[in-house]
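There are two complexes below, and they share subunit A, which is joined by subunit B in the first and by subunit C in the second.
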Partner chain A sequence: MQVPAQFRYEKAVSVEHALTLLGRYGPESRVVAGGHSLIPMMKLRLAQPEALIDINDLHELAIISVERHVLCIGALTRHADLLSSALVGEHFPIFHDAERVIADPVVRNRGTVGGSLCQADPSEDLSAAFAAVRGEAVIVSPEGRRTVPVREFFLGPYQTVVDPGELLVQLRVPIRSSASAYQKVERRAGDWAVAAAGAELVLDDGVVADAGIGLAALGAPNFHAREAESFLVGGPATDERFAEAARIAAEHCNPIADQRGPEEYKRHLAKTLVTRVLSVARTRWHGLHSGEKAR
Partner chain B sequence: MTTAPVGHGTMLRKEDARFIRGRGTYVDDVTLPGMLYGAMLRSPYAHARIASIDISAARAHPKVRAVLTGDTLAGLNLAWMPTLSGDVQAVLATDKVRFQGQEVAFVVAEDRYAARDALELIDVDYEPLPAVIDARQALAEDAPVIRDDLEGRTDNHIFDWETGDKAAADEVFATAEVVSKQDMLYPRVHPAPLETCGAVAHLDKVTGKLTVWTTTQAPHAHRTLYAIVAGLPEHKIRIISPDIGGGFGNKVGIYPGYVCAVVGSIVTGKPVKWMEDRSENLMSTSFARDYHMHGEIASTRDGKILGLRVQVLADHGAFNGTAQPTKFPAGFFGVFTGSYDLTAAHCSVTGVYTNKAPGGVAYACSFRITEAVYLVERLVDVLAFDLGMDPAELRRKNLLRPEQFPYPSRTGWEYDSGDYPRALETALDLAGYAGLRAEQREKRERGELMGIGISFFTEAVGAGPRKHMDILGLGMADGAELRVHPTGKAVLRLSCQSQGQGHETTFAQLVAEQLGIPPDDVDVVHGDTDQTPFGLGTYGSRSTPVSGAVTVMVARKVRERARIVASAMLEVSPDDLEWEKGRWFVRGDQASGRTIQEIALAAHSDLELPEDVEGHLDATCVYNPPNLTYPFGAYVCVVDVDAGTGQVKVRRFVAVDDCGVRINPMIVEGQIHGGLADGIGMALMQVMAFDEDGNHLGGSFMDYLLPTAKECPSWELGETVTPSPHHPIGAKGIGESATVGSPPAVVNAVIDALRPYGVRHADMPLTPAAVWSAVQGRPLRTDLAIT
Partner chain C sequence: MIMEITVEVNGSSYTRSVEPRLLLVHFLRDELGLTGTHWGCDTSNCGTCVVWLDDVPVKSCTVLAVMADGHSVRTVEGLEGADGLDPVQQGFMACHGLQCGFCTPGMLMTARWLIDHNPAPSEADIREAISGQLCRCTGYENIVRSVRWAAEHEAGLRERTVEDAGTEVQA
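For the complex of A and B:
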C-alpha cells in the first residue's frame, strides 16, 4: 500500500476562509479539490505538501450558469457535472466530447474542472478544450480578483499563473454562435491522451469567420495552435484548407517521444485529429444552421 | 438458478456470497495483536555497486523496531535464497543491486506510515554500473557481467536447451519448396493481480511455531521451502493462504518481502505484516514472457506444412527464478509444434541474465505454452501471407486429424485426445467466416481496414507425471482427503488453492457428482497447510487435471467404503449392489437401496461391520497424473483499424474451447472471459519496457495498461467436448486456455487488417503507435524506450 508523508488537513468553509488558510500555511500548502491528481502524487511521495486545504465544501464554486452571454463554470464543477450539463452541451459540445474521453466515471465523479487546469498536466484535455474556445480563468487572492485568458494561464508543464495563496474560482466562456468538437487518441479507455485536438468554428456563408484549435499532449504552447487558426480565418471551410491548417498545427506543435509513441507519430496524429475535429465542427455548424437556411 | 445441480452443471459460486458482501479475508485483512509493519527499500538503479548503507537515522526513528539489511541477513545465512530454477536470489542486496526495484533494506515499525517514513532515512551509497537491458546484447563480448556473485561467471549466459530432431528438421528445410521466416518478440508482461503480494509472519516464541498468512498459490511448497531455507522444522511451519485476489502465476514463488517479514517477526518477537504496493508488484515480482524468437516454417507450395525450426533468446532477468518443472528450463515451450501434423521440428532456447526483475513463467502461460502457441500461430499466418493462402484454409489442411490421437508429437509429447477440425469448423461457423471475408473485401474497396484473425491452440496442462515433473525435487502429485460426517455432509481437504477460480464450488460439485449429495453439503477446505494434505498448488491450469482427479478418486474411494457399509446394512454381498447417484441398491430390486446419508450414519453407528472394515467413510488419496491433459480451441477475432490513427477496435471475438468434460460450465466460461480479456491486453496494450539505464517504464497502472470492458467485445463462446482418456471424469484444464490462445488471434487480425499496406508482422503490443509505425515500415522495438 502506498502511504503519503504526514500533512496537516484543513477544511475551508468559504472562499475567504480558504484564502486565509492558504495564507496561514504558506507556499508548502496545497488546495485539494477532487484529489485525483494530487493524492496519487502524495501517495507516491512525489508531492509532500505540509498542509492540505480542502475546498470540497465550497458549493458556490460548483455552479454552472449563464451570466450575460457568458458560460460560467465553477472551478469545483466535477467532470461528471460538466458532462451531464445540457447548458454546456448546447453551447459548447467540445466539452462533452472531451469529458466522454477523460479518465473513467470514477475519476470523473470527483475530479474537478479547476483541478484539471491547475494541475496543468501537458496532456490535460480540458486545458486544450478551454484554450480552443478562448475561455478565461477567474482567480482570487486576498488582494482581489483577476481574470486571465486560458491561453495565458499556463507557464509550462505543471505550472500556471495561479500563485500560492491564490484560488481559481471560475472558468468563463463568452457564448457566441459556434460549433465545436474534440477527439482524442488513447491506448485504452481511461488512459491519458496519446494526442488530442479540439476545434471551434464560426462560419459565415462557407467562410471561416473565427477558429479556435486546442491541442493536448502535443507540446503546443498554451495548448493551442495559433498559426493554424490564423491560416483558417478568412478562407473557405473546405477539406483542403482544413488539411492545410492541420499540417500547420502539426508543424508548430512540439510533441515528445514517450511510451505512447514516437514524435513523428504524434505529429501525424496532430494532423489527423485537427482535420477531423474541424470537419466535425463544420458538420455540426451546418446541422445547427441548416434550419435557418431553409427558412 | 435457484437449485444447485446434484453434481456437475451450472450453479452460482458458493464463495461469492462473501466476496460480494466484502467479507472475504485477504492477507491485508489479517490483523494480530501487537502486529508491526514492514516496508521495503528498493534500488533506484538497475545495476550498481553498494558502497555503503547507513541505517542509523532510520533505526533512531521513535517508531522503528528493526532495520534489516543484507548484512543482517548474511549473519543468519539468509542474504540469499534458492530460486525455483536452481539459481540463488538476493533477499536483501549485499554486494550489488541488479535491477531497478531490487530489495535493499527492510524496516519494521509500529505502523505503515512510520515504516515508509523511515525508508527515507536510510542512506545508501550506490556506485552505478552500466546495465544490460536489451537481451539481444546480453551475450556481447563487452557486456557487463551481472552475476559476478557466482563462482567463475564471465558472461550472462544461463543455459542452452534444445528439443526435437535437428538433423531431420534441417533435412526437411533443405528440400522444402517454401520456407517462411519471422523474428518475433513476446514482450515482458506482468500478471498484475488485483491483490498485490504480501505476508503476515508470526513466530510464536513459546511454541516455536511459525505461522505465515501469505499470498501463495502453492502453500505446501512454500512450507517445505521455508523449512529448507530458514532451517526451521517443517512441522513447526504453518502456511495459510487465505482469500487470494488473483494469482496468474505471480504468487507461485517466494519473494524477499516474505522472508523479511519472517525474519522481522523472529527478531522483534511480534507478528510482522508486509504488503507491497502496486509499483513494487509491477517492478519486482514475477514477470512473464520476454521471449525473443526466430521462427522458420517449411511447407510445400500448396500449403502442406513440413517442419518448424525455432531459436529463442530468453530474458530471465537478474536471477533465474522461473517457476517450472526442474527438467524443463524453457518450460513447456517444447509443444511449439502446436496443433499441426508435420514431419520434423527443432528448437533451441538460450537463457540470459539482464538487469531486470527475476521470476518469470508467471501469468497464465501453462509454463511457456503461451509463447509457443503465439510463435506457431504467427508463423502459420506468415506462411499464409507468403503463399497467398487463406489462413483458415491453411490450418484446415494441416491440423491433426482425430484418428491420430493419442498423438506422439515430434518433440516428445503425447497429446491425449482431440478433434481439431470439428473445433475449427465450429468457430468458423459461429463467426460466419465466409461472410466476414466478403465484408472485408467490400471494406477494402472503400479504403477501410478490417481484419480477421484465427488461432488454433493446443495446451498441455496438469503438471504432472511425477517421474518427469518436479519443482525443487517435489513431485507434482496432489493429495486429497474426504470426510463424511454422520449426517452425510462432507468436508473435502485439498492441497491446491483458489485465487478466484471458484474451487469451493467446482470441487464440491466433483464430490457431489460422485456421491450424489448436493454441492452445498460439501465444504471445501484449502489454503492451510495444517489442515490439508500435501500437493503442489494451483498454477499451470493444474487444479482440475490433478487435484480434480484426486477429488474424484477419493470420492470414489468413499463410495466404495459406503458400498461395504451398505452391504452390511442390507445383508447382501457388496458384489450384489449397484450404484445410482446418491444410493446403493440391491441389483434387481430398486426399492431396496440405502442413501449415502443413511449409509454415513450407519457407518458411525453400532452396525456390525465385516472383520477388516474400520467403519466411517473417510478416505485419503494421492494422484500422480499419468500424462498432461491437452485442452485445445479455435479462436476467431475481428478487428477494425483506424487507418488515420492506428487505433484497433476488437469488434468480435469467437472462442470455441474444448476442455473435455465441463464441471461447472458457468465457471469455465468465466475463466475463458478473463483469459480473452487478458489476451486483448497483451496483444494491444500491455508491456513492460525499459529505457537504456534500466528504468522500468511500466511501474504503475498509468503506464502498465490493463484492458477494461470498453476494449472487450461481447464474447461469443462455443464448445466441443472431447474427454481426456486418462482423467477420471475426462476433464482437462481451462484456466489458461484463453490467455494462451487469444493473443495470436488478435495479432493475426490486426496484421490481416494491415494487408493493404503489405504488413506481414509487427510485435505486441499493437498500440496505436505500433500499428502506425508498422504501416510506415518502421516497426517499433516494443520492449525498449520509444525515442
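For the complex of A and C:
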C-alpha cells in the first residue's frame, strides 16, 4: 500500500488566500490541483511536501473565455472541460486532438491544464500544444502578476519559472486565423506518448506565413521545433517542404531511449508525426478558407 | 495533523477525523466500511476504485479524503434504488459483464455516468469511456454488451425483475 508521508493540508478559498498560505508555509509547501501527478509522486515518496495548498475550490480559475481576441483558459480547467469546450475546438483544434489522447476519460475528469504545465513532465502533451500555438502563462505572486511565453516557461524536466510562492492562474492564446492539429503515438490506450507532435499553420495563398511546431516526449528544447518552423516560413505549403521540415525537427530533437522505444524509433516517429500534423493543419486551413475563395 | 471532515456519501453525511494523507478509497473502505469500491493498482491505472466526486467519475486512489470534505461522493453501494438494482447492474447480470468481479464497481460507476450523459452510446463510446479501466477476465466484450443492454433497457426496465433479465443471457 502506497501512503504519502505526513503533511499539513489547507484549502484555499481565493487566489489571495492561496498566495498567503504559500507564503506562510514556505518553499516546502506545494499547490495541489487535480493531484494526478503530485499525489502519485507523494505516494511513491518522490515528493514529500510539508504542506499542500488545495486550489480545487477556486472556481474562478476554471473558466474558459475569449477576451479581446485572446483565448483564456483558467489554470484549474480540467482536461475534460478543455476537450468539451466548443470555444476551444473552434479556434484551436490542436487542443481537442491532444485531449482525446491524454490519459483516459476518468483521469481527464480530474487532471488540470495548469497542473499539466507546472508538472513539466517531458512527455506532457499540453506543454507541446501550448508551445506550438505560442501560448502565454499568467503567473501571480504577492508582488503582482507576470506573463511568460510558454516557450520560456520550462527550465528543464519537472522545472518551470513558477517560483515557490507563486500560482499559475491562466493560459492565454492570441486568436488568429490559423489551423492546427496534434497527433501522438502511444503503446496502449491512455498511456503517455512514445512521441507526439502538434502544429499550427497560417497560410497566405499557398505560402506558409507562420508555423508553430510542438513536440512532446522527444526532448525538444521547450517543447518546440524552432529550426523546422524557421525553415517552413516563407516557403510553399507543399508535401515536400513538410517532409523536409519534419526531417529537420527529427534531427534537432533529443529523444532518449527508454522502455517506450529506442532513440532511432522516436526520431522516426518525430518525422512521421510532424509530417502528418502539418498536413492535417493544411487540410483544416483549406476547409476553413475554401468558402472565402469561392466568394 | 488530524482533520475533521464531513463527506456526503450516497446521500448520507459522514463526519470523521482523518489524516490529510488518507486517500479517498481508504476513507470509503476503512473508515465507512463501504468495501464495494475496490482498490487495485494504487497507481491510477486500473480504475477499479472509480467513484463519483460531485457527480463526476474519479479514481479515488488518487484523491485525498480531505479533498472531498464538503463534497458529495457516490459509490457502487449508491447505485441500487428503492425499486431494485440499477439498470447497469442488471445489465452486468444479464450479459455476464463480470467474472471475478474485481473491476466491476469501477465499471458500473463509469457506465452509469456514461448512460446519464449519452443515453444511446455506441460500442466505440463505451470502449472509450472505460478505456482507463482494466478487466483481466472478460476481454471487455461482455462489459460492452452489458452497458449496451443497460442503455437499451433503461426505460421501463425498473419494473422488470432480475429473473426476467436472466432469461436473456446468451450462453
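Here is the rule we use: the second predicted complex is superposed on the first by the 295 of 295 C-alpha atoms of A that agree within 3 Å, B and C clash if a C-alpha of one lies under 4 Å from a C-alpha of the other, contacts with A are read in each partner's own complex, and residues count from 1 in each chain.
By our rule, contacts are C-beta pairs under 8 Å (C-beta built on N, C-alpha and C of every residue); 3 or more make two chains touch, one makes a residue touch a chain.
Being a predicted model, the structure only gives us computed values, none of them experimental.
In the superposition on chain A, A:R276 makes contact with subunit B only, not with subunit C. Contact with both subunit B and subunit C is seen for A:G190 once the two complexes are overlaid on the shared chain.
Within the superposed three-chain model, A:Q6 lies in touch with subunit B and with subunit C [touch as defined at top]. Applying the stated contact rule after C-alpha superposition, one finds that A:G198 touches neither subunit B nor subunit C. By the document's definition of touching, of the two partners only subunit B reaches A:Y265; subunit C does not. In the overlay built on the shared chain, the residue A:G114 is in contact with neither subunit B nor subunit C. In the overlay built on the shared chain, the residue A:A257 is in contact with subunit B alone; subunit C does not reach it. Comparing which residues of subunit A touch subunit B with which touch subunit C, the overlap comprises 1-3, 5-6, 104, 189-190. Touching subunit C in their complex are the following residues of subunit A: 1-9, 11, 32, 35-36, 39-40, 42-43, 52, 54, 56, 80, 103-107, 109-110, 189-190. By the touch criterion given at the top, residues 1, 3, 19-21, 23, 42-45, 47, 50, 56-59, 62-64, 66-67, 69, 110, 128-129, 131-133 of subunit C touch subunit A in their complex. Across the interface of their complex, subunit A is touched by residues 28, 112-113, 116-117, 120, 275, 277-279, 644-647, 684-685, 689, 697-698, 700, 702-703, 705, 707-708, 710-711, 767-769, 772-773, 780, 785-787 of subunit B.
In the complex of the two chains, the subunit A residues touching subunit B come out as 1-3, 5-6, 44-45, 104, 185, 187-192, 194, 257-262, 265, 268-269, 272-273, 276.
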